[in-house]
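Worksheet: one structure, shown below.
Letters A, B, C, D, E and F name the chains as they come in the text, with residue numbers starting at 1 for each one.
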Amino acid sequence: MRDVGTLLEALPYIREFHHKTVVIKYGGAAMEDPELREEFARDVVLLKYVGLSPIVVHGGGPDITAYMERLGLPVEFVAGLRVSDADTVEVAKMVLVGKVNKEIVMRINRHGQPAVGLCGDDGSLFRVSRRSGPGGEDIGFVGRIERVNVDVLNHVSSDYIPVIASVGADRDGHSYNVNADEAAGAVARALGAYKMIFLTDVPGWLADPQDASTLIGQASAEQVTQALPTLEGGMRPKLQACLDAIQGGVNSAHIIDGRLPHSLLLELFTDAGIGTKVGVAS
Amino acid sequence: MRDVGTLLEALPYIREFHHKTVVIKYGGAAMEDPELREEFARDVVLLKYVGLSPIVVHGGGPDITAYMERLGLPVEFVAGLRVSDADTVEVAKMVLVGKVNKEIVMRINRHGQPAVGLCGDDGSLFRVSRRSGPGGEDIGFVGRIERVNVDVLNHVSSDYIPVIASVGADRDGHSYNVNADEAAGAVARALGAYKMIFLTDVPGWLADPQDASTLIGQASAEQVTQALPTLEGGMRPKLQACLDAIQGGVNSAHIIDGRLPHSLLLELFTDAGIGTKVGVAS
Amino acid sequence: MRDVGTLLEALPYIREFHHKTVVIKYGGAAMEDPELREEFARDVVLLKYVGLSPIVVHGGGPDITAYMERLGLPVEFVAGLRVSDADTVEVAKMVLVGKVNKEIVMRINRHGQPAVGLCGDDGSLFRVSRRSGPGGEDIGFVGRIERVNVDVLNHVSSDYIPVIASVGADRDGHSYNVNADEAAGAVARALGAYKMIFLTDVPGWLADPQDASTLIGQASAEQVTQALPTLEGGMRPKLQACLDAIQGGVNSAHIIDGRLPHSLLLELFTDAGIGTKVGVAS
Amino acid sequence: MRDVGTLLEALPYIREFHHKTVVIKYGGAAMEDPELREEFARDVVLLKYVGLSPIVVHGGGPDITAYMERLGLPVEFVAGLRVSDADTVEVAKMVLVGKVNKEIVMRINRHGQPAVGLCGDDGSLFRVSRRSGPGGEDIGFVGRIERVNVDVLNHVSSDYIPVIASVGADRDGHSYNVNADEAAGAVARALGAYKMIFLTDVPGWLADPQDASTLIGQASAEQVTQALPTLEGGMRPKLQACLDAIQGGVNSAHIIDGRLPHSLLLELFTDAGIGTKVGVAS
Amino acid sequence: MRDVGTLLEALPYIREFHHKTVVIKYGGAAMEDPELREEFARDVVLLKYVGLSPIVVHGGGPDITAYMERLGLPVEFVAGLRVSDADTVEVAKMVLVGKVNKEIVMRINRHGQPAVGLCGDDGSLFRVSRRSGPGGEDIGFVGRIERVNVDVLNHVSSDYIPVIASVGADRDGHSYNVNADEAAGAVARALGAYKMIFLTDVPGWLADPQDASTLIGQASAEQVTQALPTLEGGMRPKLQACLDAIQGGVNSAHIIDGRLPHSLLLELFTDAGIGTKVGVAS
Amino acid sequence: MRDVGTLLEALPYIREFHHKTVVIKYGGAAMEDPELREEFARDVVLLKYVGLSPIVVHGGGPDITAYMERLGLPVEFVAGLRVSDADTVEVAKMVLVGKVNKEIVMRINRHGQPAVGLCGDDGSLFRVSRRSGPGGEDIGFVGRIERVNVDVLNHVSSDYIPVIASVGADRDGHSYNVNADEAAGAVARALGAYKMIFLTDVPGWLADPQDASTLIGQASAEQVTQALPTLEGGMRPKLQACLDAIQGGVNSAHIIDGRLPHSLLLELFTDAGIGTKVGVAS
């Protein structure tokens, strides 16, 4: 190859993002597909090398369900939240923290920047309180993040890439499942991140969910606020999380297509960007 | 209470151990018994407050076996090492890292000093290579620690109490079970720890294993070297680990009775000490 | 000894006091009795080891009087203040700074933490102005502290235990006797100390000074304010100093019985505490 | 553009060069052509952003000659060295330091990283002694660098990109012209640079200078040593400078074609590299 | 010599100026006369040694005019400002930055403290905009300083004596002549300097310009404000610069006679001082 | 005054001594005469301001004797050493530490640099052992310095001027008189001081003690070694201390006439210097 154009197109973005924190909600195909996940690890390492401070927050849906089925535990969801008795939470936490998290950590290590895995318990990163389902029903040990203790994040991220599994405990030490989108948003707000990016399995926010050509490339907080009541499905909580992030001081929030190779770099380092950006048009 | 004698008896030891690293292999009754484990967490926090740098290394036997049985996986040991196919290692790692480790971390947090859990993958702490059974037989993914990367330990321990789960991966990213006694010894040697302490379910090294009154309070490296070939059962690997530690630059290695409340403090802060000390008599 | 209970009872206090400054007014039997003064030095060293920042302020009554008598100088007191001509102040200062202070410094050194002696002249620690007796009469070179220069205290206390003799000079360089209770209080207020502790020869504030069973264990600033006009003898200035300390930002002020072995540790590290605490009940 | 391949091809090189010093001898077409010089400034800024420490050393031939002609001064060269009386040196220094250097500094500033121009006088960067021509003849104030004072370079490069004009003075304060290739080599050796790169107007070292297809991509120090006596023209001093650099502790030295857009990035961040590398094959 | 009186007379001033910034506008005889300029360099070095932070700002009139005449360029002034086409500015900048500045730097180096030369381009020290002549006429590339970037000054002055040539560029990279008095004033205000000192070829502000005995030793800002409209010649802009400095936060501004040997030291370190001080009488 | 010649004559010396430690043995007329002692304090402050690190070591003969006489204690000397029973040492220490030392500290404070008084007990500065008289006779608590703990000196001298009283204690805490010349020498050697200076009441080392015109301005270590056996009186121990200092790594040692106003500055900052210098001629 004799072409360094991308490096140069990337330069203004590298300049803009220098020493800025980017919180990445990692999930979906980019976490499942063997090739995409190697690329993801490599991309995150590149971000660190060119001077950003990337922080990865992840959930771990399919692996948890698989183990629950092997253990004969019932799998039930209410409004996208996993109904969780104590046994379910224990299994979910083991899978998230002991399997999914460490696989991500090792892949990032292997690409040349050391990572450290954390969950809400480490350094008391998250304090969580019990939440109920959307209709007020009891859904067990499903938590809402009350407080993010940024000390441990700042300490770890000065030398390592933090990889955070979205589980946490309440004041009494009971563990809870925490929705990973919410966890990522809480981390981004607590750190005053420059950007937060949701890696999803859709192209972004589509005006017509059936038609990828109706992608809304950029939306203001006001536009999202107005649209929210009319939305359904998984896009609603993601846009809500974007809105919360913006209103909590994050500069911009992005919903991008993690199925696209190097979607993270395309979003960050190209003029066009990809997916949907919530925030002030630049 | 109107007696501060212990504080004063402890003073010379506090002075001696100030800013010294103590690696504690945590396991057995002190990890199983609800009361003992609260006391252990409180003791570790106290060590940090009075100026030591405690590092906890743990295994997690019974919990692993319980999950394996729930999953219908065969449980097999050769010479104290768990025979481990890939599925076994995955379950063991999830239980160790995602359950046992975080329970210890939370208990220490709750007693007032923040802890951070690590496994061999975090910051590439351990690099592991495959080992075979004592007779050379294949026992699967059971590893020997080749290299300890102290960077992540030094970084974390400057502000947090590191709690280390004894699993690690090889260069190719395959995970392995690692014997926790060996892991603790490797960490102590790599850090040039001042002391390493094995919390066990026996009073120490007994000349006659059936007779607690035959406790050997202190033994030199030479004495242990001579006795090793004649020993059987769990004491042999522990004394071997003590010997390795001493020969690797650790000042003294201790086998103490974790069933005794506050055994850690008794060992560290009383004139008599408890259990067996390997090293130069003081 | 096989009991580490005190260490554990002390833990919450060690936690509470970590990196906090405690100003100790040292005097009375604890300074006269050979055994008590060794214990005092050891206790102060222990405080430093477990993370507190102790600062010792002392007077030196009996030694001064003895030298004055040897020199044939008149010894006279008005309302507890030593009437001081220039010759008296010179002798008092020599005894305090050159004898009493260095004996305390050496005892603390010997127990394992280095101390540095200071008087009001060192680093311009105190600036003093002339005061008159309670009835307005001239009592000579008896001073009131106008300003505490905390620079030298902060510099010295980062590495050493400061031991302060209560003498100082005015803008013209004339030396003055300063009441040690007042000096301790001024230091505590200037540093925003967490606690100040008066080591005395009484059990504390007694409702009936003749009856030790009438000890007032805890009193609010309001209670002390109301009681002050009704009090007589040495307790009045001590309670006044406690009140000044509290109102000047010190968290709590204590009058304890220095005749009791390890009274300092008992006050700081046991649930019951000892003596009288002025401040909000805990 | 929707392609981030170059960023990813660059990753292993970014990793390799992280926090490494690269000394760039800047000259020829890359300094004359308006478009190329903008690209050069942008490339240098990019190097800084991705974690390298670039140091630019430049001469300024054509501008100097132009001013000398305007001033009616004779222009004479011996073996590539400008014969320099005191008047010539003064003009050359003014042009180099006051015109060429500041133009480079401003262009780098404008692309987003602050630069500071230095010459051999600033912070006593160079101490120079008089040299004679190749036949021993007097060529006036032409200097050889005796000592590089790296203090000022280390101080400036911690926050700024240093841009160095190749003039210096002797102990008596007389100014001298210094060959820029030699100056770059002296700086690279003094700093123990990782790489030094000569931007030239040829494709590299050609086995047959008339035939660009005979480019020698990689040569060991031994090969260069053997070939040197057989070489003529401008390539000889450049290869000599490469050799000196390698033997002085620089990892590799490169002769590349500055007429090629982004030749610097192509050399540093692509697998193929460009031009001739002197050093161990990688 | 057996007299150290001056050292002692200087002591209160050394104390007053410790760690204070003094901006010196350097020019006139002190820059032309061979002996005076050596003394100036030695004096500046002395200031640095006794704890001040001196910053030198200079112009370079006669040298510029000489080169312009050699190049056959027209020399024209309007109200003390050099009418400057692009060619004039280029020559002026080369002479100032590449000749005058480096001569000052080398002389300071030689007297024992390292100096670094800067112009408005280095670290984007000055941003300049075009100004017109006093009557609004176009005088070419003559600039007014809009912004001083103190980062590069603070960085350089921590280890080196900054010597600043008064040229700068606008946003588009065009270079401009900047009046050195104005540049010195802008630097002093931006740094919140303690003092600024103009070295001139007159004894100071004279009530009667023909009569040196009418020197005004001290004047308040109000007095200068009132007098300004009545003044003519070079004193007017200097007093205006003094006034601007005072009103911009500089403690005092001085106009002194640079023809007097060691005028700088006499002003700073003797009770009488010399020349005219604008500011509050001390 | 309109003469800054001394400042300039001082410059090369200020440069030479920058950040160098100078240990000054203070005593004799310079400590007794009211005017000389103010000048001494001012001179020491000046040294600190111009970048030296002065350390003052003092004895206190006449004051001690006066107090001993007032107390009716016998005053006896053997070979210049005060015969000292426990009572004598206590009085001597009180006078030195509590009177003489603090007077020096206050005078230095008043002239504008803060000083801190130390004795051998503070921070365990000196460890002393018992010595006997020159004929082996018991002279009581007269000590020889075995070890200087420079930690406390380095800590204090970073922000304060240390003023050291020459008393110290042995391992058992018994106090001893220490000869101040010896103490100054021990401090200078332990710190690797650049210079040590003895302020005395003679012009220096005189070839003929009766004839001031026979002053030996400079002597090598060899010359002093040869002359020592032939010398008598107070000059012998001083020259011995000079010799010990030189052989212990101090650059030069000086015996100067403290009766001369500003003798310290004359020695340090003038070309001629004063008194006798032991060391290599410069």
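Assorted remarks:
Here is the rule we go by: a contact is a pair of C-beta atoms (placed from the backbone, for glycine too) under 8 Å apart; a residue touches a chain by one contact, two chains touch by 3 or more.
On a predicted model such as this, the values are computed, not experimentally measured, just so you know.
Taking the definition of touch as given, a chain qualifies here only if it contacts chain B and chain F alike; those chains are C. Of all chains, the one whose CA centroid is most distant from that of chain A is F.
Each chain gets one centre point, the mean of its Cα atoms, and the points for chain C and chain D are 70 Å apart. For the pair chain A and chain D, the distance between C-alpha centroids works out to 46 Å. In terms of their C-alpha centroids, the spacing between chain C and chain E amounts to 57 Å. With centres defined as mean CA coordinates, chain B is found 35 Å away from chain A. The set of chain D residues touching two or more other chains is empty. If touching chains are joined by edges, the resulting network of the protein chains shown is one closed cycle, each chain touching exactly two neighbours.
From chain B, proceeding by way of chain C and on round the ring, the chains are encountered as B, C, F, E, D, A.
Within the complex formed with chain E, the residues of chain F that make contact are 1-11, 14-15, 18, 42-43, 45-46, 49-51, 111-112, 262, 265-266, 269-272, 274. Those residues of chain D that touch chain E in the complex are listed here as 70-71, 90, 93-99, 102, 105-107, 109-110, 114-119, 121-124, 151-152, 155-156, 159-160, 169, 173, 175.
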